[in-house]
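Order as written gives the chain letters A, B, C and D; numbering starts at 1 within each chain.
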Amino acid sequence: MNAFGRNFRVSIVGESHGPAVGVILDGVPAGLTLALEDFLVDIERRKGGTQKGTTPRKEDDLPIFQTGHFNGKATGAPLTILFENKNTRSGDYEKQRAVPRPGHADFVAHQKFGGFEDFRGGGHFSGRLTVGLVAAGVVAKKLLNANSLNADIKVKSTILEIGGEADLEKGLQKAIDAKDSIGGIVECRVEGLPIGLGEPFFDSIESLLAHAVFAIPAVRGIEFGTGFAAARMFGVEHNDAIENSTGKTTTNHAGGIVGGISNGNELVFRIAIKPTSSTPKEQTTLNWESGEKEIFSVKGRHDLCIALRVPVVLEAVTAMVLADLMMQAGQISRVLP
Amino acid sequence: MNAFGRNFRVSIVGESHGPAVGVILDGVPAGLTLALEDFLVDIERRKGGTQKGTTPRKEDDLPIFQTGHFNGKATGAPLTILFENKNTRSGDYEKQRAVPRPGHADFVAHQKFGGFEDFRGGGHFSGRLTVGLVAAGVVAKKLLNANSLNADIKVKSTILEIGGEADLEKGLQKAIDAKDSIGGIVECRVEGLPIGLGEPFFDSIESLLAHAVFAIPAVRGIEFGTGFAAARMFGVEHNDAIENSTGKTTTNHAGGIVGGISNGNELVFRIAIKPTSSTPKEQTTLNWESGEKEIFSVKGRHDLCIALRVPVVLEAVTAMVLADLMMQAGQISRVLP
Amino acid sequence: MNAFGRNFRVSIVGESHGPAVGVILDGVPAGLTLALEDFLVDIERRKGGTQKGTTPRKEDDLPIFQTGHFNGKATGAPLTILFENKNTRSGDYEKQRAVPRPGHADFVAHQKFGGFEDFRGGGHFSGRLTVGLVAAGVVAKKLLNANSLNADIKVKSTILEIGGEADLEKGLQKAIDAKDSIGGIVECRVEGLPIGLGEPFFDSIESLLAHAVFAIPAVRGIEFGTGFAAARMFGVEHNDAIENSTGKTTTNHAGGIVGGISNGNELVFRIAIKPTSSTPKEQTTLNWESGEKEIFSVKGRHDLCIALRVPVVLEAVTAMVLADLMMQAGQISRVLP
Amino acid sequence: MNAFGRNFRVSIVGESHGPAVGVILDGVPAGLTLALEDFLVDIERRKGGTQKGTTPRKEDDLPIFQTGHFNGKATGAPLTILFENKNTRSGDYEKQRAVPRPGHADFVAHQKFGGFEDFRGGGHFSGRLTVGLVAAGVVAKKLLNANSLNADIKVKSTILEIGGEADLEKGLQKAIDAKDSIGGIVECRVEGLPIGLGEPFFDSIESLLAHAVFAIPAVRGIEFGTGFAAARMFGVEHNDAIENSTGKTTTNHAGGIVGGISNGNELVFRIAIKPTSSTPKEQTTLNWESGEKEIFSVKGRHDLCIALRVPVVLEAVTAMVLADLMMQAGQISRVLP
């Protein structure tokens, strides 16, 4: 299944080189204003801007409200947002079918789907599908701020490092110099969350966020608050002392979550993004028809550093999860004024 | 909700100081042999053995098959396994109610559940509930090896480091010397998985495993394969070259997963465990009745290093997820011979 | 799976002759008062009272709050309510195993679960498990009346006819005279529901209620409002004219639902209950070991008319569904004052 | 939510007068052949043919495979099938907004969705959306016959009566003469089902089928096997005697289901369809703006007897449910040869 959520449910559909990609959002409150303009900034952010290292493939990427949208607002019925795939060059991929691209899902997709998968440009596995997630995120971020608590909730992701460098230009230059792709680390912070979202155990905020976050291609790890460093700390160092009756803590090693539940402090987590699988460098792979090893080199258009595009996608899946939890808690109404 | 899974569904119930804790397993194939003896080793492992740093609280912890079990086998109906709480000392906790223990869920639980939560010993938030997870894991591991592919599937977790030390005794001694608790890192490896488990995006193996893993109290991070280190690698370094038609790769930076799907190589991931919140050291906290800061020191029985108990719980949640995926794939039958 | 519900989720567990039967309720708001006494009336109603035609098997049937209950209230954690099976006579069933009882699930259970099913007294298929549903219903009815709209919601079921007779005594006497079991029709009415519960199509109130209602053993049909008679009506006869701005209609052929959504009028539906499968009369069945036909006659304790016990169970499943919908709509809070 | 199913999941989207209606099918096995031609017969059947009493609105209604379809086959990724709305006349509806059409969802939709609903032609509540269900049914019926048991499974629905007349022409003539709409009864029969589909209680076949069936607009009742008539029968009359080891019974009062599980006999159930809410006759309704009663008469295009279009939709939802159950049982593979 390619769907997630209980009361706000997101389904992702489409293929890189099919007619369209998109999302179906079920449970969107009626009355939420949704104009095309609301989507443009985040869709642009996903393209990685004019920074070095992003792919030259360009799509207009204008959201098409196919269902659930009327007079500029959500109707309360399932909201379908599609993005046409206009600028595809399938010829890049078809000849190479028996030669799985290293690091890509080509081989497992072929095994899992028996060769019936749409293999063009990664098909349903393509990072292209994250444009749908971004659209879901635009809706979810708007919902978060239509909460009935009047809480000012801000979801913000930033790149912390590229190739180990906090100076991002330097990190990218490393990749350019090496004629190779490179990974990075992205952080997400959420301010203004109420206390009490999440449940102990299976519906912990960490469980739900991690579930959604690992839907983003290329993510290899997630850590909350102090994260892996906590494994080397003493208890007294790590525990956050409560300062006052609002639950504010002096430190925030817990990243805003205890017992699986938001504690009213800033939510903080980081994710690791692997280097783009498609790299300009030559690699060895197996031709499964001939059984021979082959030298593989990327012809298509690709990013040197996929992490550059991740922040807006990370905000999107984060907002999705939090909007669902706030709806479950009755903090976002089913009809907005 | 405290439940997880699609075709093999695990619900956790109970409180630390209530009559019992346990699990309800729905979707267990009929005919699976389940004797009390099958559970003893893993239940013993969860107690942390005779190693330094584990709590002196002892329970017999014998599983009681309350439903779904007949003539020594699973019947196919929901399987309820309970563990009685015999050895509780509620007096440890009741007086301290207005004084939230640092690092624990006391404060958020009180906020979320309006003071109606069972606050004794952490109530439903207690690590005590992991005994139910361990029982679910025993069942799941047996299921994995009742697969119709005759694959020999081995789920194995080990502690990699305590307090930053690969020599675990040394790590524990650090905590003992500091009179404080300490964290650690635990790894899980699964051999023998077939290619093709998981789906792209929301039902990726990483999404499902991370979801289940963050249900384990004290987990602060998870990374697959090379994990966070991948963020500092070049593409050519990180990509795993396919060796032969079985999908075997030379390296295993991907940790056995590409595109959210098992690739037939060993599944590898690691988790970070924070130091036990309850530490012998004095800490400052807030008395929410008086509004005054108070010095808090732990009176109850607690572990210096909760990571010692985690490996068997980690195996359990891993096996749960994989058994569900194999059932969805038709690789574990609903009736076992 | 034996579970149902989205935000208020009910799981049924147990077997007729195992240690216990019961329910696990997930999503119960914290603070709901639940005393043993709250359950006694409905549990007694389920026994069919002192009317003719009910089985002599008696259980104390006192609910045991195993988890999620503290200081007389729901804690917000999963609520487990068990009922011990004290008064079982397994000898009634064991010898007859190869001889499936006509009308019962013995044969299909054996086929589906490969002979591993608990076959004693119908095992997990037994009507005994409805005591758990009744307990769920007690909780759900209390929840409905803890709604934040201050709506006075009344769920009430009555028997309309037994064996075609509106005079129930007469209907039962027919069965007694014929030395056979007999069926009946039960109606459920709900007053005080707000407008707007349910969704078009798959989450229509009718879909959800029918789903839950067919979980009650022996139900063979359900009809809403005018029901099957509507198939013989003209449009002008059937359409309910709206009287005033509250949505009140002159007639109520729709049974309080249009477009899958409650319309503020009384919710009305009826169900058909087949005659008890176990009848004192001799019947022919197949011995699957010998392959021979056999004359079968019931030795165990059974009801002449299972419909007598159904009203309280029907109220229970109805209340479950409605409580879930009101929670989804934010009309029942997660913490009750 | 407007979605249903566990391993084969159907979501319905769209509005009567929006750009499109359609379905998203998740869990479709890879390799299933799906040509446009496969859909034409059922889509044509839904139009109600050339019989009297069907609406003159015509759409080409050609399915557009938007995602999950490649080289004429399902890929295993979510399958999106859309139908464009070409032939809409919104002017029919807009002026009448404050005047809810009797029998329609106009009033409750306005209350539930706060006036933000797409009210044109019933919007998301429209029977127009059943074209998506029909498409889902074409896929599901193909899946049922791609089962690994080589069972020849036939799902077939027929109209039993119109306005109480088994002679359907006569029933329709009644409506024409009365210048009114009229109801009917539709039956569904399924041959070739294996024993063992469904579960006791909440996942009973009746629960799942009834859930799906009440998603069809205008359904007011459902009964399995002998149905409501069973309420007037004695046990010995109603019980079906097992004839032989295949589970074949002499009679089929149970309609092919005992204990919630298919018993290998023909599955039989009937549904009641109310008269079309839109009738040529004048009706009284309330103008909610003026608060005055108004005489309402239908201007748009509508069916005299919606039951005429129902058989193919009933087959569709039935096939959906059964395909899901067979996938859960491992009887339909995730990859088809």
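In the analysis below, a contact is a pair of C-beta atoms (placed from the backbone, for glycine too) under 8 Å apart; a residue touches a chain by one contact, two chains touch by 3 or more.
All of these numbers come straight from a predicted model, not from anything done at the bench.
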Open item on the list: Starting from the defined contact criterion, work out which chains touch subunit A and subunit C both, please.
Closed with: B, D
- [ ] Determine how many degrees of rotation, between 0 and 180 and to the nearest 5, align the Cα atoms of subunit A with the equivalent atoms in subunit B.
- [x] 180
Task: subunit A-subunit B separation of Cα centroids, rounded to whole Å - done: 26
TODO: Using mean C-alpha positions as chain centres, tell me how far subunit B is from subunit D in Å, no decimals.
DONE: 44
Open item on the list: Based only on mean CA positions, could you tell me how far subunit B sits from subunit C in angstrom?
Closed with: 37
Open item on the list: Going by the contact rule already set, what residues in subunit D reach two or more other chains?
Closed with: 1-3, 6, 12, 77, 112, 124, 200
Open item on the list: Which stretch or stretches of subunit B touch subunit D in the complex?
Closed with: 6-7, 77, 200, 328-330, 333-334
Task: Residue ranges of subunit B in contact with subunit C within the complex - done: 1-3, 9, 11-15, 18-22, 24, 26-27, 30-31, 66-71, 73-78, 80, 82, 112-114, 116-118, 123-124, 335-337
Task: Residues of subunit B defined as touching subunit A within the complex - done: 1-4, 6, 10, 12, 100, 102-105, 107-109, 111-112, 124-125, 129, 161, 163-164, 175, 178, 180-185, 195-196, 199-204, 206-208, 210-215, 217, 219-245, 247, 253-255, 258-264, 272-279, 281, 283-286, 288, 291, 307
